[in-house]
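Note that the chains take the letters A, B, C, D and E in the order they are written out, and that residue 1 is the start of every chain.
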């Protein structure tokens, strides 16, 4: 092996150089970021002089936009193409994250500030029965949401999980391909169609026009199953075959291998997927409006009578405001806040479960 | 009780690719048989057909017969799970269960099968298996730590401990020592020596010394070229294979004058 | 020690039950879908042959009615995914490979929370916060870049355009896409990451050579789920979008195409007679559209299956 | 819930009990909630659910027999009546349609410094049809000499959903300015153009959040927005409950209808003094004769409550509707009494 | 050009666990150095500190200095990427990129630095590297097939080919042959012999014969007990270590009379 055949770029790194050669000093990115935001502020400062209000958000966004090419440029000049690319991607990835935080923070602030107005005891111990104007609460909707979503989860988690197990562990050939295909089709069911379907289905059994909580649950389950299947399938596929083989070689039957090795290994991902699926449907409005209807009173029975849910409550409070409108809007926001808190709690529980079962990876 | 293994004219496929062709051999109970041969010649593939692990791979299949004490493993109504309980296996790469502690890993074969075992029995089995794999001293203080936190060699010994904990009749080992230091290797070799009183052992190894040290019989596999199937070239007593093989290729291989 | 006869034991019941129930669950999906499909098709058939005489909402025939809606649905979803895919991959990477560990799990949790926000609230936020905030930007774009076809005027006075709807959709699909990408990226085998690093790869190069290829099918799955949601999202689009049924690529005007799902939500309450069938038939079309996109994604994944990370 | 199941007011003489289900127009939802609250308070053992699923859905639901009564922004038309098939009603029964919810539609706008504008029908139609595009257009300036009108683009906002409000509004434009507004009255906005928003709330939000916006919405939701006084004859009339009730009184009932079917044909072009022609009339619809008698008493007493002055005042307070006039009330009461 | 490596009083930690303690040694350029020692004594851990791969593990850190031609790897401003380009590594477990073909795998490192490499240069480098790793003949017909479809040994040789394709100055090998058959092992050993004309090579091995065959110097690591840190016991010429070690533990270990 001779040096002459080495690729150019390798020899381009001069051996005599200290290993620190050609690096931007550690604080450089921060200095550049500060400068970029300074420039952004200057631009908007000039605009402010021209009579516009000084726009902090704009200054920071322009600054961030300036930072990305400038860090790339500086790094390109000092550190070369590859480091520059790395820094560019770091800036972009961080930027993507910050960008996504903007709507989140904006939403959170909106929901919390508006939602706190009616986030009081009455809101949680009253329904809307006989309430017009101010007062009232969403207890009926909270109970309804928990019951309807709970039932939807009870229907779809076993079906979804077992289906993904089938697809990953057993499925070969036609049936598996068919089911994969159908799950794909199922992701395409618009939520409102799911609502129409559930409504039509229960009309057959319980007479025309009936609206019940369970019909809402079925509608949500139709929406939830494909999400559960897809995400669990993805997670199950990530379990290395080595582990399955290790279990088989110990004479463990396939189903026990799945239950005791495959599922625990992927439980973190699966719970995340399930929480996401629950979160996905718990906020559905349109299908519940159609299938479960709307009531102002308490109803604890999934199988009889209309049942309110939080999204429907939010929607009707917003859409059909009476006098004074603020009372309706406040209730709508408070209900939205409640819904988010419920999902937050669910998420926390799922995380605890996941942490408890998660694989303990050392090295 | 150990088992006699008889293989009759076995062809092993990955989908359409014939990986191993026309192997016939007999493995005596209470003996150690070593498989040697160059990389890629199908040793692992063939070994995995002996406890029906081969069919776990999608598209993989087998033609021919493998008889264990006269019963064909590949008969239609044979339960592969029972086969694997009697024919244990240790893999080339250590693969402890990441969700389990060291202790749970060792007892996995017992616990995963939902067998009930008393705590004292479990502890005894645990210690016995770990000692057998020469790992007890290193891990006895951290039995509840995850098994995946161990070094490569420690992990492999953990896998050996796990395999012997279910007391199979036959133990297949696919290069079990390739990640071990000499001391652990020696311990495993001693263990093999000891186990052969009771079990039938088949071991794949790249280490000629190891093959000659531990095995009673040796099978040499070779491959004519890439894409060609592997073949069993010679199968005989280990001493014969290493001192006086009847095929030239074998002699070249064991003496390191190959190719 | 068991005797040799034990080898011949029959299939174990546990396996039977378990695989049986797995097959059953799969079949349940089949049955559900068949039921939905039958419902949709039976309800839709009359609509396909209806004209404006039979159904008052039809301009001429069914296809003339659904055409612009299909366009709007695909267009809005495309806009959403164009924004959401890079951003969600970015966030997922940030959480899995850039942020310090402790911070990362908190961040992951926060992003997951976005998934919890009900679509109605996204709608409210879109109308009340987002649209007014972006309207000045839209005015600026139309004034200064109006020559660019997408930015043609006249600018919407309220900011409730298809681009705003696209942004809302993007934010809505972000959490689910991010979560899946993140899980997949976290599963990249350390072995492969180290292999790349040891070759002298920078962090980005390591991600490019080891993480992204490994997560490819996961990214596509995530996108497909996101797309399904974007295509089918009802309430938020209905509330945010100023929809007039036009077929146009212009992003910033008041005249925007509507989407199928939003259109159902908007028209269903007042629909009667054949109009109901027409709307359900548009639902069937949405099905078909989503499926076509899905099939395409599947095809991409399967094309290089043997190179997948999962072996 | 704390507000439920409490001891019934002791003095409550009500013997009514049961469950009544209605569905339909969302326009009258706020009023319905107020009526339901009033009625349930007086009759603690009664539960009434009103599903604001939309007029069309409400009529379908009623047809299928899944509800006891319907709320609808329009009466059943002649063909639908001829087709019949009302599942809850006795065979051959007629249906009772009562114009119990009258709401003025306000034309609302958001222009800085302008609180009210006087506009004639042709100008309003021109604005919504997109032919008048600036706030300082001569047509607007002509009727508003005192207002300072900016040189600002007009963004007309209409409902994106199918709605009775749109139908009534476009019907008014078509009737009062047939030269400018050449479209047929319809619940769906008839052409592409202008800004679309979902529901009354959506329109109000769009108008509020935009600049130079104008729209139409239930008057009760006009809030602080500027509103238009509409030209009737020679004067400009701002919306008011009285003016809205007045146009209903000034309009004839539809012809050829069964007894108790009080469908109204609004006279949008009326030049009578003090009428406000842009109104929405929403009906409560019940069977003339129910097939099963168990809920009849409940239906009639609920409808009677709605028609009563207290009921109408409650809705006026909670939903901003216009109480019906006493003349109309007499006719309605007669119709309710005919229900069996 | 090869590099001299100087390690000064190095402590290596996994979070709070001190895995290797107080190692000081000097590695000459153009030489082969072997690390031997029982499993778990920290050979891999120490090896990984020589190209800053150690810090890839969350919580892992290092105290002390590693000088390469006088430059401390662990200086504040040092770019680990640059370090790793000059100090290549082959791992204990073969880790080809599963999503890449064999060809792409070999060229992976080169492409990073020189994405516009001409096709003929690439093909030449590909063949040279694969031949160097003794894999060319086996894979030359399926260069576009996935690298993960190879057998364990083939995969490891693929990884060696990948590492030598970027022509680093120093090559670290962590039990590179533990999954190889004797023929491939021999080829790799020849390769090491050849490469040492130019490069500095450090190899971890469990195989005493291999250590004595290929290395100029040998470092023996040992560990006092579980949970204790590993130490460098003796570092000397290979012949000295194997024939006349100055420490008893070394003698016990190399002669197989350990423990």
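Convention: contacts are C-beta pairs under 8 Å (C-beta built on N, C-alpha and C of every residue); 3 or more make two chains touch, one makes a residue touch a chain.
In this text, all values refer to a predicted model and were calculated from it rather than measured experimentally.
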Chain whose Cα centroid lies at the greatest distance from that of chain B: D
More contacts between chains, A-D or A-C: A-C
Centre-to-centre distance between chain E and chain C (centres being mean Cα positions), rounded to whole Å: 46
Chain C and chain D, separation of their C-alpha mean positions in angstrom: 38
Geometric centre distance via CA averages, chain D-chain B, whole Å: 83
Rounded Å distance between chain B and chain E, as computed from the means of their C-alpha atoms: 28
Residues of chain E touching at least two other chains: 81-82, 85-86, 93, 112-113, 166
Junction residues of chain A, two or more chains touched: 82-83, 86, 241, 253-254, 256, 290, 318, 363
Contacts with 2+ other chains: residues of chain C: 12, 15, 128, 202, 205, 265, 268, 310-311
Complex contact set, residues of chain B against chain A: 51, 53, 56, 58, 80-82, 84-86, 88-91, 93, 95-99, 101, 108-109, 111-114, 145-146, 148-151, 159, 162-163, 166, 168
List of chain C residues in touch with chain D within their complex: 56-57, 127-128, 131-132, 135, 154, 156-160, 238-239, 241-246, 254-255, 258, 265-272, 275-276
Contacting residues of chain D [partner chain C, same complex]: 26, 53-57, 59-60, 153, 155, 157, 160-164, 186-189, 192-198, 202, 205-206, 209-213
Residues of chain C defined as touching chain E within the complex: 101, 189, 191-202, 205, 209-210, 213-214, 216, 304, 306-311
Parts of chain A lying in touch with chain C, wherever the complex brings them together: 82-83, 85-86, 88-90, 92-97, 99-101, 103-104, 106-107, 110-111, 158-163, 165-167, 169-171, 175-176, 178-194, 196-197, 200-201, 222, 225-227, 229-231, 233-235, 237-238, 241, 253-256, 258-259, 268-269, 272-273, 275-276, 279-280, 282-286, 290, 310-311, 314-315, 318, 332-333, 336, 339-340, 342-344, 347-348, 351, 363
